[in-house]
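Below are structures written as structure tokens.
Same chain, two partners: chain A is paired with chain B first, then with chain C.
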Partner chain A sequence: MTQDENKEGVGGMINPRRYGIERVAYWLMRLSGLGLLAYFIGHIYETSNILRGQVGWTELLEMTSTPFFHIILSIVIAMCVFHTVNGIRVMLGHGGIGVGKPSRPDYPYDPASQNYRHKIGIYSAIVLAAVAMMYGLAVLFGE
Partner chain B sequence: MAQVSSVADKQTTSSKSITLRISRYNPEYDDASRFMEFNVSYEKWTTVLEAILEVKQYFDHSVAVRYSCRQATCGSCGMMINGKPRLACFTKISELDSNVVTVEPMSNFPIIRDLAVKFERLFDTHHKIKPYLIRDDTEIESDEKEFLQSPEEVEQYIQFANCIKCGLCNAACPTMATDSSFVGPQALAQAYRYVADSRDKGKDSRLKMIDESHGIWRCHFAGSCSQVCPKGVDPAMGIQLLRGYLLGFRS
Partner chain C sequence: MRESTIMKIHYGTALAAVALVAVHILMRLTMNFAESLEYETVLANYKFIPYALMLELILILLSVHGFNGLRVILLELKQGRTYEKAVSYGCLAAMVGLIAYGSRTIIMVNMGMV
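Up next, the complex of A and B:
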């Protein structure tokens, strides 16, 4: 960011405090997208270890069967669920579905596109992600 | 370092006062912006713009601020007020619910001086989407009759015609915060305004214009533009409806 352009930069883009839950969802969507991309790359590396034969594969499985990796995996589950559910909401919105109808605005000008349907969609995505993550933790740390 | 001054002594009618922090920056001389603080008394109805004008009148006339109508109509006085883009003439100090009011130049716009920012880019992108009716005939040639529209047809776009080009939506947009080439919510909402107008025949050319890498696809429907719009334009709605045409959901 230069003072010339006076852009808010990444700090302003990811600041989740000023514009309600919709901006939080925007931020979580980006974060989970990047997280899933990182997991995807790691996953390809992990599965490519099978080329080292059974010994190499078993070695890798042992290495990843630690509490740390279990927590990482649970976060991946949460990111995956949030990204999917919120992604469906955003895709429908992008097609103009559920964003309200144009009409003469009246003070105090509550924007129709920021409606309860989308808010419910966002909260559902967060709750489902949390539930899926807890289920993942229970399975991975169970017994 | 912040400079503290008081203009409260000049007024006798009000008992309440706030600290007004004004960002000062002159690109010609300063390396970075700094804040000056003023103690300003206010009434229930005092706007942020009036407080800034008090400062100009009683303490420092060199504070640069742009305004004209003082009634949320000209779109000149947009600035960051306590971190959010707002019109200074449309924001009452009492509604901010804070003893400290910080005013800064609008984000994502180059600074001319202090609180005044350059609007060239907003006007350029607005102009780019051809903000006028495109058709082969004119009202004057058609027997001097106006193009008729039903009330329902007017409803399709009238909300978007309320835009006063204040730029608050562009200041709140998370894509504008990082992408210098993004066309921005203001221009995209105006593209929808004309595409949805039954008198307009320029839909295809407008859609082509915004269907580019820094065009409509950079909008991720964060909705911040609609939350700050002082005229109820709801640019996020317009942009998604516009994208509906490109994705084949609308015709």
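Up next, the complex of A and C:
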């Protein structure tokens, strides 16, 4: 097999079925980051409507106070919590916390940094995001 | 700027933003959520200078963090001298544009220009 035939490109990079939960966390981190950036830009534009006075602001609130926007906001809450908790895990890992001691690489070459501590961190981020989303739904639909 | 310095800024802005956004969200929950979004309440928030300063700080922190994150994602997908420069300067321009647009709202409302 030549090098070109073996090259999977972006398709290989985005494949979430390999490398375990760490690859899933890698993708969720990027997707949640992009989602939050899109929301942030939208939020800045949305809040600028206050410059249109009370009528403009009320029109905007009427437009966004729908079940569709409430669900979008709940997803944003989940993305925010996951991005924060997983981001703290990544920062700790970059600082050498929870990655284990350096040792001689022996077969089957399990990466020391991909240990149970970081796996717990990833699963915790997913669970906390789900709980926060439920809370968000309760607040938004419980008005 | 060195990438290691940029990553330190990325992590620093993230931690600071988490703390300030928590305060921003808690302010919405000090009263009924719908009530906290009423025109008079939002106007009063903007006119309260410490809160307006916090909003400006959140705007800067999240813009820097968000657009640097976008830059990192785009640089992971493709590399090349021209591409990297275009992505870096494009993200910088978008960041400055968003900060300017958001600051305009905060300053105008705070100064009563509504």
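Everything that follows uses one rule, which is that the second predicted complex is superposed on the first by the 132 of 143 C-alpha atoms of A that agree within 3 Å, B and C clash if a C-alpha of one lies under 4 Å from a C-alpha of the other, contacts with A are read in each partner's own complex, and residues count from 1 in each chain.
Quick note on the criterion: a residue touches a chain if its C-beta (ideal position, glycine included) is under 8 Å from a C-beta of that chain, and two chains touch if they have at least 3 such contacts.
Because the structure is predicted, anything quoted here is derived from the model rather than measured.
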item	value
When both partners are placed on the shared chain, which of chain B and chain C touches more of chain A	B
First, second, both or neither for A:109, with chain B first and chain C second	first
Which superposed partner A:22 touches (first chain B, second chain C, both, neither)	first
Which of chain B and chain C A:42 touches, first, second, both or neither	neither
Partner chain(s) touched by A:96 [first = chain B, second = chain C, both, neither]	first
Which of chain B and chain C A:10 touches, first, second, both or neither	both
Chain B/chain C common contact set on chain A	10, 13, 30, 94
Residues on chain A engaged by chain C in the complex (per definition of touch)	10, 13, 30, 33-34, 36-37, 40-41, 44-45, 47-48, 50-51, 53-54, 57-58, 61, 65, 80, 84, 87, 91, 94, 139-140, 143
Complex contacts: residues of chain A adjacent to chain B	3-10, 12-14, 18-20, 22-23, 25-26, 29-30, 90, 93-97, 99-100, 102-107, 109, 111-114, 118
Touching residues on chain B, where the partner in the complex is chain A	25, 27, 32-33, 83-84, 105-111, 117, 155-160, 162, 172, 174-178, 180, 196, 220-224, 226-234, 236-238, 240-244, 247, 249-250
Chain C residues within the chain A interface of the complex	7, 11, 14-15, 18, 21, 29, 32-34, 37, 39, 42-43, 46, 59, 62-63, 66-67, 69-70, 73, 76-77, 98, 101-102, 104-105, 108-109, 113-114
